[in-house]
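Common to both upcoming complexes is chain A, partnered first by chain B, then by chain C.
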Partner chain A sequence: MRLITHNMLSCNIKGVTNGFPLKIESVTVVEKEVDFNPDFLRHMFAKIEWKALVEGARSMGYEELPEDSPDASELESDDETFLRKLHHALLELHLEEGALVCPETGRKFPVNKGIPNMLLHEDEV
Partner chain B sequence: MKLKQLEGLLGDLEQFSNPKVELEQYPTGPHIASRMLFTAENSYGDITDKVVADFGCGCGTLSAAAALLDAACVIGYDIDTESLETATLNAEELEVEIDFVQCDITKLQLKGKIVDTVVMNPPFGTRKKGADMEFLSAAMKVASQAVYSLHKTSTREHIKRAALRDFNAKSAEVLCELRYDVPKLYKFHKRKEVDIAVDLWRFVPKQN
Partner chain C sequence: MSSRIAEIRLVSSHREVYEPCDDSFALVDALLADRINLIEHKPKICMEIGCGSGYVITSLILLLKNELPGVHYLATDTNPIAARVTQETLQAHGVEADVICTDIASVLEKRLAGSVDVMVVNPPYVPTPEDEVGMEGIASAWAGGENGRRVIDRMLPVVDVLLSEKGWFYLVTLTSNCPLEICLVMRKKGYASRIVVQRSTDEENLLILKFWRVKDEESLDKETSSESFVSQFSRYLSSFMEKRWR
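After this line comes the complex of A and B, so read on.
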């Protein structure tokens, strides 16, 4: 699971109101290089929840993202340093083993072989 | 990538080894899958450089097709562990990156507007009545650009009405009618059910 996927997931247990973002407990993280696509990243930047991304990256051992969401000028600048970091965090870090934890209830959703299991128990729906 | 080449690659994928009847597990054949994704890209530009989600991805045929057509990110969702394991192996075999999530797609609310396009071959709802509609409803909530889906031709009017009236579709269009070879996987399949007519749909959600 990559952080772009994590950015959409929340805890859907019945009654939970603050199920986003899920905290990440990482046991194994792997990095795989993929092609850099600046236009795609600019487009994504407008859509992602910044805080969820920064916290997620940090819990996977990547500390390079700025705490506060940078402003648009940085995205358009010729210096691609920021976009490279965004690229790495969103698309190249994979959580292989670990868990996603609901911020409200502490319920853990295990991640095995890269696949988070978001299935709810009967008494949670 | 050429259509023939795409179809060839999809034809080599591993499919359900123990199909579960209650989940309506039958694969989208390489002929249909390749044409579905090829049309989505070549006629509408909905795949390359996009975020593509595959609902009920099974062994990942549609996900793989999206990745092979250079989607920027592909995410496959399915309820079944075994299928997702096969899908992971298929992705490795093709050397494409696909994220997989195990979930009940009818219960999971995905946040935000990150997904551009949903592609899916949902259960037709023959085992669990209404499953096709639940998938469509979920897909329309998530896609910001388009939803491509297969539904039985016999449900065409019903689908169209529901999409426009209940699921926030701006347009709902049948792109083509296909013969779907549901292999004789299950004992209860009578001969006439082996080859059924399905529609390939394209839905465009209203911008909110």
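After this line comes the complex of A and C, so read on.
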């Protein structure tokens, strides 16, 4: 699972109102190179919750993202430094082994072989 | 040149996971038939609910990847073994999708709402006793309860939430699922529909439906009256009956 997907996931245990973002506990992180695509990044940027991305990246050992969400002009700038960092954080870091933790209940969802198991127990539905 | 769809010999398997079968092939054929349109559609996020062996999502990626490099692919399954098998199938083909083990798409509904441009679903559509629905393992791949509609009917509102304004939705159905009724349910949510592929095998009569959102009521009327799904269905049903009576 990559951070682009982590940014779309929330805990849906019954009664939980604040299930986003899930905290990442990383055991193994793998990097895989992906072709750089600025158009795709600009499109996705609007959907990304910045703080969740920064924290997620940090918990996977990547600290290069700026704390505050950059404004749109940086996406259009000729200098691709920012877009390259965004690209790396969103698409090239894979959480292989670890867990996702619900921010409200502390319930842990295991991540094995890159797949988060978000299934709920009967009493959580 | 790399193959355009997933190769069966590279599709991973497990006794608790549904293997690619006529329904999977019909769905991939529908995507192949619509490939040019899909490329012009320029989706940014594509998703499969119930990815099973991974044959369909892998094929979708292979179909689009040369022409459309910047697409994010997601796949979900309620069976953890299926999620793993899908991951293996993707890896064997050297392609990338994020796989999540969840019931339908419940963990994505909030944050992914209105973002999915292409959704593909081969649901558990086989009519079965109600108590077989939602069992663990391979049964979750086919058990559909009364008319095979129990899971389909839970999926439709989720798909409606996740699809973007320009979203397309491909769904495998059987004639016994009352597909016309499914089209009417979706029509009420503002979707036009058509049959992309129809196929009769020894055991089942498969229809691959495609749905797309229509902006206003007037054009929905136009879309559904010109190449109307009602007339499409009656044509399909009469040809099917003819075959059967012969």
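The working rule: the second predicted complex is superposed on the first by the 125 of 125 C-alpha atoms of A that agree within 3 Å, B and C clash if a C-alpha of one lies under 4 Å from a C-alpha of the other, contacts with A are read in each partner's own complex, and residues count from 1 in each chain.
Rule of thumb we're sticking to: a contact is a pair of C-beta atoms (placed from the backbone, for glycine too) under 8 Å apart; a residue touches a chain by one contact, two chains touch by 3 or more.
Just so we're clear, the structure is a prediction, and the values are computed from it rather than from any experiment.
Look at A:I24: by the touch rule set out above, it reaches neither chain B nor chain C.
Legend: residue contacts after superposition of the two complexes on their common chain; A:G114 is shown touching both chain B and chain C. Judged by the touch definition given at the top, the superposed model places A:C11 against chain C, while chain B stays out of reach.
Contacts of A:V54 after superposition on the shared chain: neither chain B nor chain C is touched. By the document's definition of touching, neither partner reaches A:A89: not chain B, not chain C. Counting contacts as defined above, chain A residues 1-2, 4-5, 7-10, 12, 20, 32, 34, 37, 39-40, 44, 47, 49, 113-120 meet chain B in one complex and chain C in the other. Against chain C, in their complex, chain A makes its touches with residues 1-2, 4-5, 7-12, 19-20, 32, 34-35, 37, 39-40, 43-44, 47, 49, 113-120.
Residues of chain A that touch chain B in their complex: 1-2, 4-5, 7-10, 12, 20, 32, 34, 37, 39-40, 44, 47-49, 91, 113-120, 125. Interface residues of chain C facing chain A in the complex, by the touch rule stated above, are 44, 69-72, 74, 78, 80, 83-84, 87, 96, 98-103, 106-112, 115. Within the complex, the chain B residues that touch chain A are 49, 51, 72-73, 75, 79, 84-85, 88, 97, 99-104, 107-115.
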